[in-house]
Each structure stands twice: as structure tokens, then as C-alpha cells.
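In the two complexes that follow, subunit A is the common piece, with subunit B as its partner first and subunit C second.
Presenting the complex of A and B:
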């Protein structure tokens, strides 16, 4: 839920990267942080366990400059993907304005992707939000693994699994090498800002 | 869904924070919502904390503690306090959606701060009470 500060002429927008565990949500934020290091004034916050898995969330504030005279501050969050951390996932989703669903292209993760997007739908329902109405971009991550001979799902198959009803904008990507990471972020920011503008009309 | 506060409402809140907390010697104070957005903030001019990260972590922290409260049969813990060597953080919930976070040194007693925070909560309630964020 974006907060618009009329006094400071500032809009704060919350975008959450959601998806199954080890799918590359944190890697997306790390790539963005590295790529735009000179524009990001603060450190990326990350709450991890000893095993380097996200325990609570990662947080990266990102100023995108002025839109219609308002300073737009995008707050990028990730959720912990592991099934057992649903309570924390729900907490991070509170007040979300836009979502990037990061799916794992590996064939062995097919079912986990489907479970995770269903879990997203349920958690949004708890906040009286609908997955079909909230700004959403789907990213099929880890396409680089195909070059290493690891079996990956095709774009069409993943679309069928996750996006046949939602018809959200989607990208094949590689968070490690940076393929389509920035494009994914730009798309979700554009959709979220458009949605907020629409509300304000 | 987005929400906003008018220029007057924000000025009024900032005045309350300045008068009741910063003038008392508090280093930094900010009012956030449970999504982690900063609604208003004030500091003594010497504080240079990364308040956007603090707000995100504070909202998450408060949410986690509330979930803990529910497990042990409490509705919530409406007040939290973290003690450091030089800086301390005090959290106080306002209505169902907002959190007042105060950062202060050891020169202010916790009891006195709580008294002042209670005063701020009551005054801010009236302004924020006109609508609920979520």
C-alpha cells in the first residue's frame, strides 16, 4: 500500500519478490544492487540464517527520481521461499503494491513453482487482495543452467504451469548473469506506478 | 491501494514529534505504517541513521513479535524496547496500522520516555484515527 507524502512530495512503493526457495529472489536484488550501486545510497539489508538462506527478508530501497513532481522511492523486498516460513512471507506481503514472482526453470522445481504461486494467491487473499488484480510480473529464472546441461523447463511449459490464467507479463531470466533482471524490475515498477496513478484519478 | 495524509495533518504530526520528543532530547523519531512506509520523521540534526531500512526492519520486527504474542495467547505486545550501550529503541503501536519508533540515549529514563510517548500516541491517534491504512 503506497504512501503518498503530500508535504515532502514523495511516494513510497513496496515491491515484493516472491517465489519458491532457492529460486533466485535474493540474487535478483543483489544484481540490482551491484548494477545501480552509485544510485543506491544505502546498504542492502538482508536477514539470513547461517546457511545463507533468507530467513526474513532482503530489503533494497531504490530511488527512481521524479514522476509528476513526486520523488518515487521503490522499496524492493524478497520473502523467504522455504515452505516452513509462510508466517514471515505473509508479514512481508503486508501493504504490497507490486509483485515479481521468481520461478525456477529447473525441471525438478516444476511442482515447487506451482505450489508457491498458489501460496502467493492464498496469502494475498488474507490481505483481501487478488493475484489477478495486483500488478504482477513473472520471471522464469536460471535459464543459464541449460548451457551447463541441466534440464530446464521451456518458456511455453512454464507459461502453461503458472501464467495460463493470469496472463501477466513474463520474462526468461538469469539473475546470476543479469539477463532480464533489470527489465523485470522496470516492468513491475511501470505497472505499479500506473496502478497507483489509476487509483488517484 | 494507496493512501495519503494532507499537508496540514503531516505538519501537525511533525509538530507533535518535535515538541514532545525531540525537544526532550530524543535523537530520532519516526512514524511508520506496518508496510514499512515512513509517514513522518524528525531528528536532532546529529542523527544520520538509514531510516528507510530501519522502518522496513521495524515493521518486520513488530510483525514477528505480534506473531509470537499470538502463539502464547496474547493478542499483541503493544510496546517493545531494545536496549543498547549508547542508543536505545522504543516501539509503540498506534491504532492498528502504525508504529512510533523512538531512538534515544541513556540520558533519558525509559519511564519518562514512555510517559511522553503515551502522550504523543494519544495526540497522534486523533489525527490518524480519521482513516485506517489497511
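Presenting the complex of A and C:
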């Protein structure tokens, strides 16, 4: 449940970008930060390893102004995708309100996508949350690699692998070039705020 | 009449559009991301991101091809040229060694490319700062070359073309970017291989912790 300060009329919304290692979660946040930093006027915090992989998480907070009289503060997080960092992933998921699952379109990542979404489901269960109920947007990233002749899965194949049951809103995207990065974020924020409002009733 | 739910949706959409409407962005990234001419490293970045242990000849050929093209484009820019030459050397090395390539080679490709991007995209970066970044990467490259020379077991010696330092970069690091395939190594027995591997892991952990400490220092500021 989002953190709501009734006295200050403030809502904090936590959105986590989840997915397999090297799938482009950090690139999503970096694109948003680089493109809109003058408007959002906050800093992105990132903790990386020597090899430029996400070790703990990336964190990008920003305010979107007043909605229904409440100041809405969005916090975007990523988790480390590598299998060995599951404890960190679980920690970052604590108090999550909405999730973007960033899948990797490369054919060689097919199994890792499936393992990662299963891992998400298990970790949410630990917090008594259901993957089918929490606001979720699925992003099929790296579609630009097809232009380089690198084999990528089709949108339909990825839907079948990851979204046949969940039926979550989904986007093909390229976090490097920015295709559908902002649309993905807008969608998850809108869904999450609507869900929080619903829970408050 | 607009329902409460619709009203909320409209408010949220309006706020998001105000903040993230894509038509009026004035950030340089917005322009560069969509324009291949303006950001010529886009394809190289895609290739670098696609690299992993499943890397194949096709990807490496494209990587080397892109670097050849970019080296030609930036032949007048000594700093960029040297960054590109390091990447080129690493690409040729990995292509020659395939699965037997030193694991740090992949990390250094990522690290070199990240700094290369910073140099390209940070308009206000001084020449001195750019050189500092370059020399940091050169020293990593040098370390890798040393590690490869030390750990090399088989006697096959596919000589890789040495990276020629840019003429204007008169600095002691000029000697660094040579080929990565060592030419005069001696055979190791099993015990030595294990000792070397353990040392490699120790070094890697030390470097990772040092980097982590730096990040934490930055966060505390």
C-alpha cells in the first residue's frame, strides 16, 4: 500500500522495474532521467558494480503535482536482475505499488524472461501480493536489435510466454532509443494511482 | 457527466502529459536518441548491450565493423579514436579466443563504452576530464593485457594488430594499448592455473568493493 500522509496531503507511489539481468531496467530509468531531468528536477541514484551492472538498485524520485488535492510523489526503482541477488530484489519489492516487468526480446533470453517473471510472482507472494492483482505493465525491450540482425522474439511469442494468463498491458520498446519508454511509465503510473484510489474507498 | 474514476484518470493523464509530453523536450538526449546522424554511437551501443556469454561471430563482426566505421569518422579526434581502438582490440581478441576469452574483457568493453558515451554526450566536459577518463580505461586495458599474458596456457599465438596510440596523445600510457594475445607465455600446471584463477577472483572482488565504496561515498555527499 502506498505511503499516504493525510496531514500533509501527500501520497508516495512506489513503482519497481523488474526483469532478467541486462534486460534494460536501468536503461529505462536512465532514458527518463536524461530526457526529462530539467522538468523533474531530481537526481537519479544508482549503485553499480565495476562492470556497470546494477548491484543494489536504481532510484528515481519525482513529483507529478496535485491530484485530487494530494501531492503525488512517484518513486521509480529497479532491482538487480542477476539471479544471485534475490534477497535484494525481495527487499526492493517491499511496499511496491506497481510493477513494470522489462523482458528481453532477444531469443537467447527467452528462458530467463520466464524464470524472472516466476521469480517476481514468488517474491510478491512473500509480501502477500498477487501478480495478477497488482498493477503490472509488461515491456518487451530491445526491439531495436532486430535492425542489427540479432534474433529477437516476436511480440506474439513474448505475449504467449509471459502474458497469456496475466493479460497485462504490454509494449514493445527500446530503452536505448526511447521507443515506448515514456508510454510504459505513464501507463504504470496511471494504473497504480487508480489502484491506490480504489483501495482507499 | 464525468465519473469520479474518469476525473481521476484525466487529472493523472494531464499531469503526466505536462511532465512527460514528448513534443517540447529540450534535453539533448531527446534529439540525439532519434537522430542517427546526431548520435552515431547508437548502433554500437545496441551491439555492446547485446553482448554476453552467448556472443557469436556475427555479433563480433558487426561490432568490429561498426568500430572501423567510427574510427574513420573520428580519426581527427585523438581521445575518441583511442577509446575506439581499445574497443577494437578487445573485439578482435574476443573473436579470436571465443569462450576462452578472459571474463574481464567483457566488463572492460562495457566500462570503456560507458566512458566513451560520457565523453561524447557531456558537452561541458573539459579536455583534461576526458583524458582522465581515457587513461582510467587504458589502465584497465593494460591490467587485462598483463593478466592474459600471465594466464595464457596454450601456445597458439594469433597475433592481434596492436592499437596505435593517437599521435598527439604524448603520454606514458602510449605504450599501453597493444594486442591482447600474449606472444611469449609459458605453460602452467594445474595447480598454478588454480592459484591464478583464485588471484583473479580476489582481484575482481577487490575492484568491485573499491567501486562500491566510491559509490557509497558519493551517496553520502
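The criterion applied here is as follows: the second predicted complex is superposed on the first by the 201 of 201 C-alpha atoms of A that agree within 3 Å, B and C clash if a C-alpha of one lies under 4 Å from a C-alpha of the other, contacts with A are read in each partner's own complex, and residues count from 1 in each chain.
Please note the rule applied: a residue touches a chain if its C-beta (ideal position, glycine included) is under 8 Å from a C-beta of that chain, and two chains touch if they have at least 3 such contacts.
What you see is a predicted model; the values in this text were computed from it and never measured.
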Q: Determine, for the superposed arrangement built on subunit A, whether subunit B and subunit C clash or fit.
A: fit
Q: May I ask you to decide whether A:164 touches subunit B, subunit C, both, or neither, giving the answer as first, second, both or neither?
A: neither
Q: Give one of first, second, both or neither to describe whether A:34 is in contact with subunit B, with subunit C, with both, or with none.
A: second
Q: Go through the superposed model and pick first if A:92 touches only subunit B, second if only subunit C, both, or neither.
A: first
Q. Regarding the shared-chain residue A:73, is it in contact with subunit B (first), subunit C (second), both, or neither?
A. first
Q.
Contact-wise, after the overlay, does A:64 reach subunit B, subunit C, both or neither (first, second, both, neither)?
A. second
Q: Applying the touch criterion given at the start, work out whether A:189 contacts subunit B, subunit C, both or neither, answering first, second, both or neither.
A: second
Q | Angle at the Cα centre of subunit A, taken between the Cα centres of subunit B and subunit C once the superposition is applied, in steps of 10 degrees | A | 100
Q: For A:148, decide between first (touching subunit B), second (touching subunit C), both and neither.
A: second
Q) More residues of subunit A are touched by which chain, subunit B or subunit C? A) C
Q: Considering only touches as defined above, state whether A:42 meets subunit B (first), subunit C (second), both or neither.
A: first
Q) Once you lay one complex on the other using chain A, what is the shortest C-alpha distance from subunit B to subunit C, in Å? A) 8
Q. Touching subunit B and also subunit C: which subunit A residues?
A. 45, 47
Q: Flag every residue of subunit A that touches subunit B in the complex, lowest number first.
A: 1-7, 11-12, 14, 42-43, 45, 47, 56-57, 59, 61, 73, 75, 77, 87-88, 91-92, 94-97, 127, 196, 199-200
(Q) Applying the document's contact rule, which stretches of subunit A touch subunit C when the two form their complex? (A) 22, 24, 27, 31-32, 34-40, 45-52, 55, 62, 64-65, 67-68, 72, 106, 108, 142, 144-145, 147-150, 176-178, 182, 185-186, 189-190, 193-194, 197
(Q) Taking the touch rule as given, give the residues of subunit B at its contact with subunit A in the complex, in rising order. (A) 1-7, 10-11, 33-39, 50, 52-53, 56-57, 59-60, 63-64, 67, 133-134
**Q.** Complex contacts: residues of subunit C adjacent to subunit A
**A.** 5, 8-9, 11-13, 15-16, 18-20, 22, 25-27, 29-30, 33-34, 42-43, 45-47, 49-50, 52, 54, 58-59, 62, 106-107, 110-111, 114, 204, 207-208, 210-212, 215-216, 219
